[in-house]
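In the two complexes below, chain A is the common chain; its partner is chain B in one and chain C in the other.
Now for the complex of A and B:
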């Protein structure tokens, strides 16, 4: 028993995969016949936008930061895409990504150059984006927002009826994330800065450049996640990604990335996003009112995070 | 630059930032009042009253957040706790008499204290960072609020609403402003000057040093969150008093705005520094802004943009001062 625990301590990702397996098994036992290829395909479809948001959040949390503007950026990029689609898909897509880039630059300037706490900085920019979108929507009342077919395919389409299209985007982002974090200098610097910013500074690293790029990438990933989300719902409204703020942080924490920085990685976040998606699916199967679902969801996230903190302490 | 000059420059920058922290918010508030008078010459007793009434819940949220931040934490469940107190009071008071309503208000404030203490206990016991715990409990309390009241409704006796809306309790101040002063004055001011208050500041400043001076930082943190919960409870009851109904989703606004008020009000998010006056004035300022926008015939939705910009500007100015200090 203690040997098994020690193994899990050494390879926390194993514990996560085990937990995911237990969740899936639990569904199958409670409702035999639920877990079909179609169910798996849907779970992957829904997990992708969360995992892409989680990718950005992983990047900033590795440096000991947090980005609370991801939900507003995702909503904003989706809304801009839908309201500008009439002027051409490419133009609308570019404009949506420019929003991500702009917010990322402001966040990066604040956190990296002026050393503002990431929490406050991103809270402020999140409010700015959210408010700006509300104002912007007043001018867009007359226009007919629509989601380009290409984005609908990305967010909801499936190849041969089973393989979600957004899985390809997710896989590409995951490959890039894993490669960057483990095989490039920038990736190693993220861990180093998260572990000890002062030591990095003394070693001659231009810490601000690392952090700046970090926040820009996070905001860009949030904008991309917004596009996938709006492709899935086919309706851009101003609260589209609000519900994703807590899960975006939770999937990273559950995935074993320390909020104090320097420890963790994207592999854990992937499993974390899958666990949260399966959890949502379990709660949907339970025949309970929406508020109870919300309470259970929060309670389970909290206990998972607490268990994780115990396991790795 | 010689070492002595260096010291002097850095201490000048330091004292400037300290000076701004202490006086910035009152000056900003004064300036915004003057600006309001310039925009809207008829700004009088009635407007003061509606400002105080509108700002009361946010001022309570800001006080709650300030206390938690001073003791070294952050509470992202403030809005949901206010929502719980709001729907609880609106659904319980609907058919209650005035006297019963007053009793219920006290009870609901105690519920707030318990919620806050649960937040604090979870943080201390689980060793998960404050942000994550309160982000999650915020989700949970939000569910509780929806469970109590699914859609906006409920109410309170008109005598009870009149406590907030009237101007009969004092000859000079509108009731809402009086309530604000009493709530902060009766609860926070005595605590601030007691050993408990000192232990909150000490824990926020340096938990290890606080521990070595005989303070139990874990207990201090739980008490800080509990006290924050008390003010959230008052805020929720005040929300019922000012709007007349309970709305399970109305609280969401207060989480972000309370952090905004704390930051703009000059409380350091590193803990251990600042007071409650700054955040309360900031809450009044954040309520005054949309009013001014309406006077100016500008879409009041710009208020949120301005609020975000203000946060970013304030912290950037703080960061810039530190940046210059580091260079000199």
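Now for the complex of A and C:
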């Protein structure tokens, strides 16, 4: 027993994968015949946008920060894409990403240069972006928003009816994330800044540059996630990504990244996003009433976080 | 005063600890540690860094449960499940780090610990710090005084057994003396003290006997009189001691004359703490800085390292004037800092490798892919050169203090530098590691780099440096070659006394 625990302690990702397997097994036992290739394919399809938001969130949480503007940025990018699609897909896409870039720059300046607390800064910009989108929507009433076919394929399409297209984007982002975090100087610096900002300063690192780029990347990833989301729903509304805000933080925490920074990684976030998606799927399948669903959801996140703290203490 | 008093066996035995074992995960801190403390005795607990001294103390005070072993107080077997239980049994300790809440005033801190303020005042009077304002917040008070307040609080609860863990590590000589006087007084009243220190001279002067730990095992108990070499041998194990005892190569010849100095400071000023400080550090030279606590040495090092901006004056490296706005500017000019508190320079949750490689990512160019093999080689060279213990290499917070200090130095060895600014690098470090560090500094200097070294342990200036300057109240009051830098001479200058004695001023 203690040997198994020691193994899990050394490889927390293993514990997470095991947990995911238990959940999948749970579904199969509760509703035999549920777990089919199609079910797996759908789970991946739905997990992708969450995992892409989680990628940005992982980047900032590793430095001990947080980005609460990701949902507004995702919604905003989706909405801008849909309302500008008439002027050309490429133009609309670029505009959507520019929104991410702009919010990222503002967040980055606030957190990195002006040293505003990340939670406060991004809460503020998130609200502002949300409000700005509402104002913007009132000017855009005339033109009928529509989602470009390319984006619909990205967000809802499947190759040979089984492999979700967004999985390819996700896989590319995941590969890039893992490489960046573990094999590049910038990745090392994210962990370093999260672990001890003062030590980085003394080692001659200009910490603000690291944080600035970090928040820009996070917002860009949020904008990309918004595109995947709107491709999936094929309808741009102003609360599109709202429900993803807290899960984007939760999947990072479940994945074992410390909210104080300096420890964790994207591999955990991937499994975290899958666990949350499967969990939602279980609760929906069991036809649990919404309030009970929320209670269970919260309780499971709490117990996972507690178990994690035990494991890594 | 020294004590060879025969002790009739058991009735005099106040504390008896036997066979204590303790492991943290895969790290074994104690294997078979024991200690016998008599009533009315000052007992030194000694050992290299990582030998398990602090762990043993924390087992005795109930901070950690032991995995094995037995503890008896005055003959009765006891198990303390918390420091509070140990305190009720009359065992109180003063740990390495001040245990005061920074945002509360001293008086509030005492109330928090339920210690009567009057009793604390009495002890403070004995320590000569009665003028300290108890309504000041702990964070506003300097480190040496915090240690004394900690000590006052501990003594105010009238412990039968007082445990002092490295209390003098950061105390200037004058305050240390007062602590010793109070501790001796405590013994005179029939109480006992367990005293942990790396300073051999202190131990010899203060303690009656010493218990020596090595790798978590009690390897010996000895009277402290004339036992310095014996104790060092026991601490290090015979083999290592022999290697460490070989004198560090005295350089002197290494200094390259004629060239522009590696570092030149001209008329440096910083607030009220530094004024008109000028000196030169030659290429291949080790220049010692001696000072009592708070004479501006911290600010001097910070200004040179780019951590703070000097208000006036110039700093030149290899003849070139520097504009230091950020540590990166100093590092680019080859000036690198090993700060007073090693934890300020370390990433506690990251590996030795990441800690050592950290400074290599300072420029944008290095933000891209890492050449893993080259990095591993560079790091391993530095780690081997410093013989860092790699047992707990995944997280440097699990390393002993000495090994953490080596990791900080290894970072600069791996990245390269011209002048090493070492601020009290051996504070709280065992004698074996200390000798290794000084030997390394000599080696660095012999290879053409320079070292500016502040140390709070005056005898070390003579051992490690070529030349010394003394700071007093923000000014340089003396400069002397190492040969003249004996403790007495340095102490006089450190108290600002040299000017009055022109006969003793060096040529």
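As a working rule, the second predicted complex is superposed on the first by the 313 of 313 C-alpha atoms of A that agree within 3 Å, B and C clash if a C-alpha of one lies under 4 Å from a C-alpha of the other, contacts with A are read in each partner's own complex, and residues count from 1 in each chain.
Throughout what follows, contacts are C-beta pairs under 8 Å (C-beta built on N, C-alpha and C of every residue); 3 or more make two chains touch, one makes a residue touch a chain.
Predicted model, so just to flag it, every value in this text is computed and none were measured.
In the superposed model, A:115 makes contact with chain B only, not with chain C. In the superposed model, A:198 makes contact with chain C only, not with chain B. For chain A, the partner that touches more of its residues is B, with chain B and chain C as the two candidates. Of the two partner chains placed by superposition, A:35 touches none, neither chain B nor chain C. Using the contact criterion defined above for the overlaid structures, shared-chain residue A:206 touches chain C, although it does not reach chain B.
Of the two partner chains placed by superposition, A:27 touches none, neither chain B nor chain C. Residues 179, 183-186, 188-189, 191-192, 195-196, 198-206, 209, 258, 262-263 of chain A are the ones touching chain C in the complex.
Interface of chain A with chain B (complex): residues 66, 106, 110, 113-117, 119-121, 123-132, 134-135, 138, 245-246, 249-250, 253, 259-260, 289-295, 297-299, 301-302, 305-306, 309, 313. Remark: chain B residues 74, 122, 126-129, 131-133, 135-140, 142-147, 150, 256, 259-260, 263, 269, 299, 301-312, 315-316, 318-320, 322-323 touch chain A in the complex. On chain C, the positions that touch chain A within their shared complex are 305, 307, 326-328, 330-332, 337, 339, 344-350, 354, 357-362, 364, 366-370, 372, 411.
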